[in-house]
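Note that chain A is present in both complexes that follow, paired respectively with chain B and with chain C.
Presenting the complex of A and B:
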């Protein structure tokens, strides 16, 4: 069997397993989706009130609606809970049997992410389609090229957020507050990745800080691609280049944390 | 390891049954036992928490960080507007202080107490609670006090006070009294929402993260309810009454609403409490135990 076919078989089994586990907990997944939807809904409600009949920084009410719908979908497609899992695996010793398997534990985490995202983003997509039937403001033009580019940007963003979450979770080798650090990262990302407002509405100084960090590439860039507010080839290339560079840096951080951490790891339990 | 847990639970069960027998006799003699049990539980918690003083520092730092992000969010909104739902900046900061004070109560008492209910319904751990000769709702709700998280309460009220001084308004005695009543009512409404949400666990046994639903809903209480579009406002005032948790106390403090609003708040709190209690009773009737 060729290597590729073997990996396809492995991933097939892992994803099937994750899908079936999720199926058991489908009510919990619905709750996580509700949680993921309320934050953008409330932000949209506030911006809706502020925009009134005019515009805010070039955004009218309909633009805000499209932005936050796209945000819900892209966030659901890129979110990664892995630091919480890793924190538990390391603290409670669940990492031990995962290390004993002939497959790196990260593959299980990736498969989990794929299964979870397929289900939760599918739900959001259906909600969006129903909303678009009755609400013209959130309709997107049929533009296969734009959608294809968005898909690529979403995959890169999902990979980056996965490695951020995984690497931060690995800090549990050294500290008991790894998830708190991930929480702080989320607090900063609230502004710098565009969760609370489109980046164009941030004060220029803050937007400047965001531009040299990874935050815009994990959410704002794919969202802007989907809503059609990335203009020109230069902006497009700049966005993808930023995604690739930061993805590479976070993969490096993950590798460093993994090798150093394992060396330190004195297994618990068993 | 699992077998050890099983034995341990069985042993606890026996011990609890014995305790229940003794307790039943004791409760008959001493009518104030509920308060005494509460005092004993919280004293124990306090002693436990005092061992982890680093948690105090972490809690304060965490609170300051989250207050900071909330203030920055407001600053961002107010870069593009002068009023939010008719409220100016410092008025919304008063509301944010109230929000944070209630967060302190939630994190110190409700989440570590009733917030664990869903998991216990699932595992059957609730059997141990029901075997106790105390009111199950009261015990489940108030069994824990994570005292460090009360820093949120103090810092929240501090923030509200500072914002009030920036508004240049000194509340009169009547206004302060109205605020205290409205804030207490807000606490009861939040509690009732928790009880109602957690009671759902008796129907949806596989859902361990029910508390997420509260976080999702409560997110809406960060801003004055007048800022939301009509449909959302209706939901927040009448269906999921979170408007009564922050908008009303903040309005009472800033004088946006007259002191008589406190009476309405108290009535809403009483209604919410009774409804939640009835819902809890109905839910508990569905419980058949899992560990037996």
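Presenting the complex of A and C:
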């Protein structure tokens, strides 16, 4: 129990500091949140125009609206910036004092994730609630079971995106291009994770590629869960299994990159 | 008592990519990478007892920071053995890290945008310091480092000296028995340097901490360290007391004169007794071979109107410079 309390205190202090730093950068936080709202809004606007009064791939206007509102929220809850932090820590030597402390630097990163996710998702939730008051299309039915499953899928997706970002950031031990690689990943994810369009609308060949990779489990699966478009136990199990398998693989990639990278850092210096 | 720090035959070799100049060099390095071994630290052996303050001296690139990083567990040695506080640093884990503090003069752990107290609070949680102990230690550090009025100012508004003091406070809240300080007075003005030195000495006296520090400022060394390690090109050249080093390698003594009487004495007159380092009537400084210092003094006193004469060692900077360039072998000439 006291170990647990110590960890709670450590995380509490880390999250508190992250929020205090945030307060110093209010303007940039607001800009990031505006961007988090703008991107799905633009995508929604485009699909809204295309759908007209009919349907595109089974999606009517109201379906698109619900999809992109859910996407806005799930994206803020799962997004991870860690590769940028790690790249800086490694290149500029800020990793040194972090390695000299009795706390794995990943804990600081996780706490930071919790801090900014709580902050941005909170804002998005308010935006959504206000929108739902005036716009029935984006209202979700009260379905605690579905919400609970979505919460689980969001946690798994957030964990996976964290490990993808952390492991990719660790490439900075070997290359100065770690953030460029992460940028490339983000570009591919724009299409394959469902950020620009529901996966059902992708050309079959592209959807086929996405299906064998981790991208749909980062966003599309939890978004579909929340909007109620995952039908049947088989689809549900398939989604969670995919999340768990890819999460395990990315945890493996992170561990490999961490131990090898640290050994390399220890060999060549910071 | 077992030593606090042991290094035996400690070596560190980096493999670095060799790159020619210009675009051609860049392309060649890409297609046919060539590597070169850099021996940053070579077979360095020393032991430091608990409570000692030891200064690590050497020119830039001598291997000081590399050694410090090996001792702190950030780098692993290419060969040799290290033990710090009973741990092998590289594999010591959290228990080892609780026993050390690492302060890098050119890097900071203080959160830039927040007052230093926020970093202290964070370290309290990270190092699991009990609230009562935290309050007591913070109060002690605030008094010793005179931090009273900077605790609630954002770090970015602090002066370099104030920041370094806070850096030290953040690094010492968990009361580590072993301190590794890399250039703790780098870039500080004289007053701030003195404050840091006073603090380190006081902290060691109160808590018996072992301190290994690197510095380019000789005042740090003379004021704090009872013992120096001199390293150059990765090799340990000297390990011992500072005054013993001076006696061992200084070839000369300085005779500082205050002339009396009229101004009949010229630089030429003085040159007959030794090398004139400076002369502005009535003050003069002569440099003479070490073993002739006494005899030359006697001759000077007999031949010239001298109001005051003192025999001094050459400035410590000069001795160290000599050690770097010529090594520390005893001069028999």
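Keep this in mind: the second predicted complex is superposed on the first by the 264 of 270 C-alpha atoms of A that agree within 3 Å, B and C clash if a C-alpha of one lies under 4 Å from a C-alpha of the other, contacts with A are read in each partner's own complex, and residues count from 1 in each chain.
Everything below uses one rule, namely that contacts are C-beta pairs under 8 Å (C-beta built on N, C-alpha and C of every residue); 3 or more make two chains touch, one makes a residue touch a chain.
Computed from a prediction, not measured in an experiment: that's the story for all the values here.
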item	value
Partner chain in contact with A:196 - chain B first, chain C second, else both or neither	first
First, second, both or neither for A:241, with chain B first and chain C second	neither
Which superposed partner A:180 touches (first chain B, second chain C, both, neither)	first
First (chain B), second (chain C), both or neither touched by A:24	both
Contacts of A:10 with chain B and chain C, given as first, second, both or neither	second
Which of chain B and chain C A:57 touches, first, second, both or neither	first
Touching partner for A:211 - first (chain B), second (chain C), both, neither	neither
Shared chain A contacts, counted only where both chain B and chain C touch the same residue	24-25, 269
Footprint of chain B on chain A - complex, ascending	24-25, 27-28, 31-32, 34-35, 37-39, 42, 45-46, 48-50, 56-57, 177, 180, 183-184, 187, 190-191, 196-197, 201-203, 269
Chain C residues within the chain A interface of the complex	14-16, 66, 69, 72-76, 90, 93-95, 97-98, 100-102, 104, 107, 109, 111, 113-114, 118-119, 121-128, 154
Chain A contact footprint on chain B (complex, rising order)	1, 58, 62, 65-66, 69, 72-73, 76-77, 79-81, 84-85, 204, 206-210, 212-213, 215-217, 219-220, 222-223, 227-229, 232
Residue ranges of chain A in contact with chain C within the complex	6, 9-10, 12-14, 16-17, 20-21, 24-25, 93-94, 96-97, 99-103, 263, 265-270
